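Chain IDs A, B, C and D follow the sequence of writing; residue 1 opens each chain.
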Amino acid sequence: MKKTKLFLPLLLFAILTIVFITGCSTNDREDYSFGGSTTLEPIFTTAIESFSPKGQDVKLSYDAQGSSAGIKGLQDGIYTLAGASRELKDEEKSEGIVSTPIAIDGIAIIINEDAGVSNLTLEQVANIFAGDIDNWSQVGGNDMEITVINRDEASGTRSAFKEMVLDSVLGRESDPQFVEEAIVTDSNGDMVVKAGSTPGGVGYCGFGYIEEAKNAGAVPVSIDEIEATEENVIDGKYPISRKLNIIHREDLAKDSIEAQFIDFLLSSDGQAIVEENGFIGLEEE
Amino acid sequence: MLGREKKEHQSYIEIVLFICALLCVAAVVIITIFVLVSALPLFKEVRLSDFLFSTHWLPTSRKDPGFGILSFIIGSLYVTFGALVIAVPLGIATAIFLAEMSTPKMAEVLGSAVQLLAGIPSVIYGFFGVMVIAPKVRQLFGGSGYSVMSASIVLAIMILPTIISISEVAISAVPKGYKEASLSLGASKWQTIFKVILPAARPGILASIGLGIGRAVGETTAVLMVGGNAPIMPKGLTSMVRTLTMNIATDMGYASGLHRTALFATGGVLFVFIMLLNIFVQVIQKKVKKDI
Amino acid sequence: MSEAVKFNIRDLTVSYGNFKALHNVNMDIIENKVTALIGPSGCGKSTFLKTLNRMNDLVPNIGIEGRVLYDGKDIYSGYDVITLRKQVGMVFQASNVFPMSIYNNVAYGPRIHGIKSKKRLDHIVEESLKKAALWDEVKDRLNKDALSLSGGQQQRLCLARVMAVEPDVVLMDEPTSALDPVSTVQIEDLIRELKEHYTIVIVTHNMQQAARVSDFTVFFLNGEIVEMGSTEDIFYNPKDKRTEEYITGRFG
Amino acid sequence: MIKKYLIWMATIITIGILVAILGYMLVNGLKFVVEDEDGIINFLFQAPKKAGKEGGISTIIANTIFMIVLTLIFCVPIGLGASIYISEYAGQRRSVTAIKFSIDTLAGIPSIIFGLFGFIFFSNYLKLGVGLLSGSLTLSIMVLPTIIKTSVEAINAVPISYREGSLALGATKWDTVKRVVLPSALPGILAGVVLAIGRIIGETAALTFTMGTDYRLADSLSSSARVLSTHLYLLTKEGISFERAFATANVLIIIILIINMASNRLIKRRTIVDE
């Protein structure tokens, strides 16, 4: 009986927690899980906090594991909406999936301060990331070895960067690859930390993370003398930018929470959130 | 209660308990089957040699996809070996100190310190690695700091407690008689330790090293934070590295189709390696039981 | 010798694997009498004791042949072991009190046999402790931890624990070998008192103890009964030479 | 004589490592507490804001507690049941060797394989999604060996004489286990549960894809939940806030300290009961 005397409080506590956990979810509140690109995480988390569809009690969550992870999750049915910082690939379109752009984001090239470089031509950028240039002195910087910092294959920013820099400069048919000897990071935050802390390090990130890059000690450089600013992206002078898209099923019901969320993002409040997080709204284009 | 009713009550209890025990067996069987079965389809399209002995890892490229994980196998071995080079001498020396040279009070304090070191989560070692070890390695040896060396140091710290505690048990389990016999023959304290006690405790120490390897090879989070994660064959101590576990963790979220099967196959290689290691450790520990 | 027979054992053979601990033992145990089992260590007397309440069942790969009749029924074929052990209690050599309070130790038996009412339990505990002559020493600290009692007290507590399930027979496996002389005498007095209501079988190394407390004595040697009979016959005119040598301490 | 100094040096290095790690974490953690205007209490009881850049870790601590309780609910009954079967009922049957081998194998599997298995089996295959439930199920399989090993050890340490005493009074096997064996083995079993909690709290590799990373309060079994260890991992990797990473690391270390002390005291108490 000594055992049962001790066992009761333990059991009671366990049942209480279960009731507490399931209790909240049994009311009519619906859970929606979204996932995808780390670039869109600030937009999603801020938007989720202020998004409240007419009177419905909903809880939205966003899992930032990378654009392809979001799209894969959408295909597997784990997520009902995905965020992607790249365009859909052909085979993805064939599975009844469509993309709705909600913002534009330039991709900034961020270089560690010690490298002493503030401007690069697009060719130089392409050759650095392809591994043909390996010392900053070759591009007018200090005599330091270049350490390329790349993103993982899940990242939409990576595939957008590959298209707009490597493919466009070194030719699409040869399918030029990034240099293999590169630190692989799996999010913009990780990229910024590694670029700031690695002497001679160079990487890329969405405009939304430029502030964090500066704090971490990595300088966004101008491309062919064009500063990495929103104005230059808007009037098309800055060469590397891409749309940020919401990926969803073609047959999304008009009154579904997902559709309302997309409309919210395209609304003026939504676009304000986009701007607030350092990205570029759609209307202004 | 009537005897008969108690009889039924009895056997019903035994069945419930048996089911609990069976669930453990079921868990292992399901995991093994799931990992191996999900890995098999890879070998319909990719030859085993292209998988195990090629360094061409490009799972998502359309033109010539590559699923060679040799560089990750070497990466895992390189980092584990680096950790052993540091942790084994340190660990065994500390174990000798604990078992043979320290006062009971010191042994108790040091023992609980080692136990605490063993309890600390690997994410804290990774954090310490990023904040202290990587910058230090960068300063002293150049490179990005995220390299084989940093990963080896972090792993060494993590497997140190395993090696110390199990070696210490093996050393203090050596029968008193051996020690007295050696001392009575005029051997010095050191000759006794190195000529008699350590050889007698050798199986236990080997077992501790085996377990240390198991933990080092299986580690993911700490190595992911300081290893650099470049999918290349590590060339030197300061070059970046990606181990088998890092490869799984990095691609697991988004891999699909053949790429996901390749991850399972990587998991399978790790699984088989760890099982062989466990059997090796159990064989040695059985030998230890037989001797003493 | 026309008293009622409590146990009738017919050519009992007990073996562990291929070692024969007892071979074809035949004897009777008389009701409400004290039967002492003596003999050198390893002669099978404890094994024999443990066959009477089937505690041997716990020993892996044990072989038991022959018949052990308790009140005429063979306990090894179809007899419910729970009921048997309720009727045939046992006190062990090392006093194995449970790590509980004194009260809970004694109440343990009744509780597992379904007695729940506190009033009845209090009554049983008091009665059993009185029977074991321990009541006066512990009546005001019943919920203290039993492990805090002295060796003699703990052994009497084990006896009280057995009394609480109202057994018919009490088996004792060298109950006083770990006790001081004073506690030993206390236990022996208890045995004499309990004789009226219970059949007692005691295994002992101590010849004087056997002579003092028992009505019948059985001398075991190498798994066989050398001689058995009333305690006076065995001690004062043993028939078999080996018994005489053992009694006079020439060997064993 | 140099061997003597070598061994002394090695021991000092080992202690040095521990002191360095704990000292470094403590000093920086304290710096944060002193400088941060809210202080440690608010840090523990305020919800995180802006992905952890500001605010405290109250919801994350709550999520961690839910994870621990949920995992224990699955693995303690099964683990205890298995250990009672192995030490009391199984005897020499062949099935025991199979069970023991699978427990040792389970203990050897690296946590990333549990993460992979959990993500594919629980989240995708059983459609439990990424959240508390699939995370806790994955963890409970992982800590089963810890609970079983310590429980079997504690049960086997209960003296045989207790069991004989109980059986000799006509108790059934289950009565003996329930009323005598388990109560006296309880401190050892609790020590095992406490050690399991230590392992659960330290886990990250198996959780990122099974439990998810939502730092808000998880209020349903399927909602994604960020726990302390994953929070520390993300704060560091994403460079969100190194001060808060130190504070979180200190919370984790303090919990591990408490766990070590609790399990040592429980193990000591068990030995007192036997004497």
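As a convention for this text, contacts are C-beta pairs under 8 Å (C-beta built on N, C-alpha and C of every residue); 3 or more make two chains touch, one makes a residue touch a chain.
Computed from a prediction, not measured in an experiment: that's the story for all the values here.
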*asked:* Please identify the chain lying most centrally, where each chain is represented by the average of its Cα atoms.
replied: D
*A-D against B-D, pair bridged by the larger set of C-beta contacts*: B-D
*How many Å are there between the centre of subunit A and the centre of subunit D, using C-alpha atoms for each centre?*
33
*Could you give the separation in Å between the centres of subunit B and subunit D, each centre being the mean of its C-alpha atoms?*
18
*Would you kindly tell me how far, in whole Å, the mean C-alpha position of subunit C lies from that of subunit A?*
81
*asked:* So the centre of each chain is just the mean of its C-alpha atoms; given that, what is the distance between subunit A and subunit B in Å?
replied: 34
*What parts of subunit A, by residue number, touch at least two of the other chains?*
1-2, 65, 186
*Contacts with two or more other chains, residues of subunit D listed in rising order*: 172, 179, 183, 209, 237
*subunit C: which residues touch two or more other chains?*
82-83, 100
*Can you list the residues on subunit A that touch subunit D in the complex?*
1-3, 6, 13-14, 17-18, 21-22, 24-25, 31, 33, 41-42, 45, 59, 61-65, 76-78, 186-187, 189-190, 192-193, 196, 212, 216
_If we count contacts the way the header does, which residues on subunit D are in touch with subunit C in the complex?_
91-92, 159, 161-172, 175, 179-180, 183-184, 273-275
*Which of the residues in subunit D end up touching subunit A in this complex?*
51, 65-66, 69-70, 72-73, 123-124, 127, 129-130, 132, 178-179, 182-183, 186, 209, 212-214, 216, 218-224, 237-240
_List the residues on subunit C that touch subunit D in their complex, please._
53, 55, 58, 60, 82-86, 89-90, 92, 94, 96-100, 108-109, 111-113, 147, 158, 161-162, 165
*Tell me, which parts of subunit B touch subunit A in their complex?*
58-63, 134-135, 138, 143-146, 228-232, 239-240, 242, 250-251, 253-256
